[in-house]
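Below are structures written as structure tokens.
Two complexes, one shared chain (subunit A), two partners (subunit B, subunit C).
Right after this comes the complex of A and B.
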């Protein structure tokens, strides 16, 4: 009797398998069918002549995969796709940095990818995986962005990348009414900032929230501080030499910048770390203590708005609202540490280049900003673009102040750790920096170790 | 007195087991509790403080996990996972059962060497083969003869990259050595008398395999099936490499990893997502449980 039942069990298993493989074919056939589905189009025939891009498909991948971010990118791309009767798909990839290598080696890169690191884009450009922009796309990029930003997509004099998003890092988050209640003023020089820090400690307040834990990337917050200090103490020229390794990593000016950061953090009473120590506090966990009043200031990039507790108001003058001030300069040249993403193509198909051209436009930035603000239910979008000619009314007041800081900046430099070779910028700079923050080694020892790890 | 001491000593292993069960369930309990807490609660205090937390419990995280649709919606991702998992479980079992029977009970020349070769494939880590496999899926395999200058296509360009087919094909291939090894060990332990009796009754190899071996080996097939099912259900690496660039073919694990968001800003969704992810394996395990515990040779041979 049990024999029969087992046979029945097996026939069920096989039946399920057959159904499943039918399903499998369905879903794999789906993407082949997609373009032909789109080509005939259900929309009413338009009066215009059909675009030469009609029926083409362009795939875009990138590291941004949040619900609101990925949707906003897709919506902004769909505007262009619908106008040209083509299909553009965006895929956000949690493991983008590893996957793009695999896809290139495996021979199936996407048409376009969005790079968070100019260093990686330059590597791919030099080995020929990424193709230069067409003349039209390069001209559009030059017209829509200042050279301060286009230069990050420029490799050996050839334009490969289109800037698509801007992050502003030289920012300090604070609560204006808490400052007012204590009689503190927003510092405008770096000395004022240090004096304010001392003043807060003397008053029994904790000035800074600092946490640098970020999983595998623990330490990147420290590198941002060092980079901001380097830009201020050593200047943009030395900063560039530092990034391109024309001066060694253990140059005294770099060590000085690291020491300044460490001294500030190690000052008795200067830092609140909710996780017990700076290195054990997740960088995401600094918004809550700032709102709760455990600390007065937190230096972090423009995207940090997403990490404040639900219901936090931003720069609207209400009680408990959070605002930002510019991390002050030392020499009065208002340098800005930025970061961002660049789109680049893996083939020179007309459709690929047309989409890259669209990426550079203020229309793309506005469409994405509008969609992303909607995705955040009207809150801060977390998106920022320095494209020229945007309608700034799509940005909220705090975001407009970011744009103002960008516009006033005489010097813009990209996050150095994103420009350095990955062994350093995403390796020893983080790990040795974390050791120095923990007090296991000195700034000099950390700089020596990072210098030794620089690939020759 | 002695009795009491004896009873106490005898209960020790039970208590030790309970302690282990408790310790091992603790992280799961923590995930369950955190999955029900709002983001700010998760971000500020540990899950064990939930009782004194005025933020309370919410199903909001589960709602977001189920409804979020930026990459792929949950239902599509689950269908993709099934489309990978079921062929990747059934196909290796089907092939391995035939192969194991042949290795165990058919005497053919080179049997030992072939079996050793198959089993030694167990030692090859699948990670080293991922990129070559992907290249194979993208452009096939072509051999250019050096002197004749002629190219032979060994495997045509099937354009499988970015499909669930590529994922289950890889899973199925890499499961075979272990499946054959496991099933062979089990089948070779079946009593030889049984096969002799069947042969005397005029059964050929196929009849023996179909009428005797398969029904007898249901427990081991089910045991391997659940291992393979769990492994493919929870796989991230292979699915990510083979189909990660196609939003229409994303499986659940990739979708859940994407939920965490840039800079981990939505990490508070992961505990809830983890429970959605384990729901199906748990159902399969409890549903098939009685097949695992059934006696090995129950009712087949008498005496």
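Right after this comes the complex of A and C.
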């Protein structure tokens, strides 16, 4: 600690006076002082909860910056802010992953940030940047969420994060009409799924739409497939060992899962890639071919509803409507691959903790869902929350079926690449996976390279 | 609109502030000659204000004061700075009116003590030092001794330097060696007061400036008023970060432990940055065979010209072109096999620099004094106006491939697949195209035959090369070999299926498609500079050469080219520096996937996405060091050109 502090001390002495004075006064209200530094007058008796929060300001940042999403978060937060006469501002940041590092390093983090990756949250928790939840906030989180979800915000036995959003990834999108016209049945086991794939190829249909291109995050679709397969072939226990690096990344079970995915994708006639090859096809470009009939199925998360062409109907029984089925399990344990976001605080001010407590409530989830549905003009919101005690009527039928899958899941596991260290989870797992999909290297070579990149 | 407005406002405020500072500094130093005390008071106040602002702005000091509304926050922030301004200002005002050495000394020490006590008392508990007394004593003694030595050697009283040295030494030894956050408030006050009092004493020991001294301050200050701001920003934004980056490159990923040159060895042993394990493949590639053939031909020509007129290789001579083509092909053969970010960077540097300069020069020469010169040059220069990110996005659209069952929407693939359909077609256009291609082939064959019969063997390689390429295209086009020329394959049941090129995904030449973007942008730059240099070649030289009977080509190679050699050097070095740092194009088009990663992109990903600070810093330093000699050469060249 001392060496690091010493460096900081001298680097700040060098720092630019103008910049210092320009940014010094925008957030120095009280988010920085250690408790011992607080002026005596601050410790007013706090019998009435609202008065304690009145006049405070809490800043929240997160990676969700799409207008409808950011607005919905802001609207949901404003409900709490107005009730307590305080100010909460949400800022969506396109480059959140890089900027949050810089903000922490510069000693100027927001009060709360929304993490899409529990791995990153754990890193920050261990180096002390993120603070544990207050007792009240932790209790509210435990009451409003099942342990399957709260565990992702738990670092070394201490609760740091509050789940605020849930994505369901083990889904296959399809058109019931087209299935009916061809006499296909929704598969309930993985073998059925493979048999159906073969059947479709034999019938001259293309079973799958796959695309893994996603700009800076190219490859994540592939990691999702591998994770879903890992959960099914190796089981949740091995999955956890894989995530925590208790087994090496190039363990045969991981390589097998990768090989299974690659073999399926490389089967002649199995995949329609609208961009010419899987690696060249943007993940967003799979909705249109599915509706157009270029392929029959597309495995993608619950938020994918947003990527179908305008006017697509969902699960309402109308002609051409798109529906989902559960990506079937192999061992009958119905595992669900999920993802989501977690809110965590960078200081333990009462206002920060009160907002975190609010984040955990079903009221927040409902408010955001309502606002986001409105933002999409009544379409599917793309938002989902597994908070306990929500009024499910705010969700549309398709979204309610997502909630049902979540409720029936015996095993829920978080997206592994979000849990792994960023070097791997947002690095080599994507890039080496992309190389393997592109046919430049084999699954074994990719797994070896990823294992070699795991930070020691 | 909001963003435009706020940008305009911040630009306006910045310009106004800079102007005000500059004017204010000039006005302030105008006072030194005639209003000595006023000058001192204001200067002291400014110094005090800035010093305390820095301490407070960087959160070294506790914010004490009224909360929580905006005015209260501002007040809490401003009052220490205002206190600093008042203390320093009044002391300076007092000192400038007192000549007695004793009074000056007392005033200096007193001010230093007051400032030290206030700063020490306000210091945040996280920065209160737990002193390492031995280090404190050693630093203080060593630096005060050094200061005394410097003072004596410059003919000043030893105590002057000793005081400054003691102040700096006690700061470094006190806060630098201490465990910050472990001490108490008394320690903080003591630690801050001693150096402040020592500085104060040093100032108290000065004599009040006389008339001449004041005049010297007035006139001598002007250069500094201009220099100091830029020096300050260069130090803060360039020098300090550079030193810090070099330091970080020797620490581990979390910047905690010293790892020596571990990060550098990692870079050079990692397969992602340096992988030459496939080198035997160089010798089996088609590029290598072609290149070797050209090389042999070029050498043969060189030997024959050596016999004929004593020079094997000469600018504008017949051996240059085959040798240059051979070199290019062999370099491509090499780089298409060696992998890794460092190799990619070198490939980029070679290709973009050579092609941009050569194309720029060719256009500058060919368009010179033609009717359409200005239009052509404007068109070619235009891509320079597009940002690298914008250009990358444009080209990404051109590179797009679509599934073979769909229409190709990317321009390049649409043309390539179209060509394929043309060559496999049965209609009149196909016939016309194959006849046209055949005529070109025959014309080239006639030319080659004539060269052979007349014995002009030295001019043979280039037409032969062209004949080979056109011949290959022709046999493909008419279907003698393969499925036709272009992006199609013929399936087993005779159906023509589109086969688009995955420009961005297909290794290893996807890197070349990315380079094309930068070439497209930079050719205009090379052309403009070289065109200006060509126009600056004195007309007398050209006339003299023509009078002596030189041909157009001889005039160019022997007169113009030597005249613009320095400019070519500047263009080449500028391009090398620019290409070495290439980042935007790779980031936007592939993000380093598909084997196209380059140093700058890897550095960004390591430093900012994966938070591997040590590795990122090492990559940045490698980049910096490889650019440095070229920069040096570039600046030297430019200076030579000026003189």
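Criterion: the second predicted complex is superposed on the first by the 406 of 456 C-alpha atoms of A that agree within 3 Å, B and C clash if a C-alpha of one lies under 4 Å from a C-alpha of the other, contacts with A are read in each partner's own complex, and residues count from 1 in each chain.
Definition applied: a contact is a pair of C-beta atoms (placed from the backbone, for glycine too) under 8 Å apart; a residue touches a chain by one contact, two chains touch by 3 or more.
Here the structure is a predicted model, which means the values were calculated and not measured.
Using the contact criterion defined above for the overlaid structures, shared-chain residue A:300 touches neither subunit B nor subunit C, since it reaches no partner. With both structures placed on the common chain, the touch criterion links A:215 to subunit B and to subunit C.
By the touch criterion stated above, A:396 is placed in contact with neither subunit B nor subunit C. Shared-chain residue A:280: touches subunit C; no touch with subunit B.
Once the two complexes are overlaid on the shared chain, A:427 sits against subunit C while remaining clear of subunit B. Once the two complexes are laid over each other on the shared chain, residue contacts for A:97 go to subunit C alone; subunit B is not touched.
Contacts of A:141 after superposition on the shared chain: neither subunit B nor subunit C is touched.
Once chain A of one complex is fitted onto chain A of the other, the partner contacts of A:107 extend to both subunit B and subunit C. Once the two complexes are overlaid on the shared chain, A:373 sits clear of subunit B and of subunit C alike. On subunit A, the patch touched by subunit B and the patch touched by subunit C overlap at residues 1-3, 6, 9-10, 13-14, 16-17, 20-21, 24-25, 28, 30, 34, 102, 107, 215, 274.
For subunit A in complex with subunit B, the touching residues are 1-3, 6-7, 9-10, 13-14, 16-17, 20-21, 23-28, 30-31, 34, 59, 61, 63-71, 74, 89-95, 99, 102-103, 105-108, 110, 214-215, 274, 283-285, 288, 303, 306-307, 309-310. For subunit C in complex with subunit A, the touching residues are 50, 53-54, 56-60, 62-64, 67-69, 73-74, 76-77, 124-127, 175-182, 236, 240, 244, 253-256, 271, 400-406, 413, 500, 502, 504-505, 507, 587, 591-595, 605, 608-612.
Interface of subunit A with subunit C (complex): residues 1-6, 9-17, 20-21, 24-25, 28-30, 32-34, 36-37, 39, 42, 55-56, 97-98, 101-102, 107, 123, 127, 215-216, 218-219, 272-277, 279-280, 294, 421-423, 426-427, 431, 434-435, 438, 440, 449, 455. Per the touch definition, subunit B reaches subunit A in the complex via residues 38-40, 43-44, 68-71, 79-80, 82-84, 86-87, 90-91, 130-131, 134-135, 137-139, 160-165, 168, 211, 214-215, 218, 240-241, 244-249, 254, 257-267, 291, 298-300.
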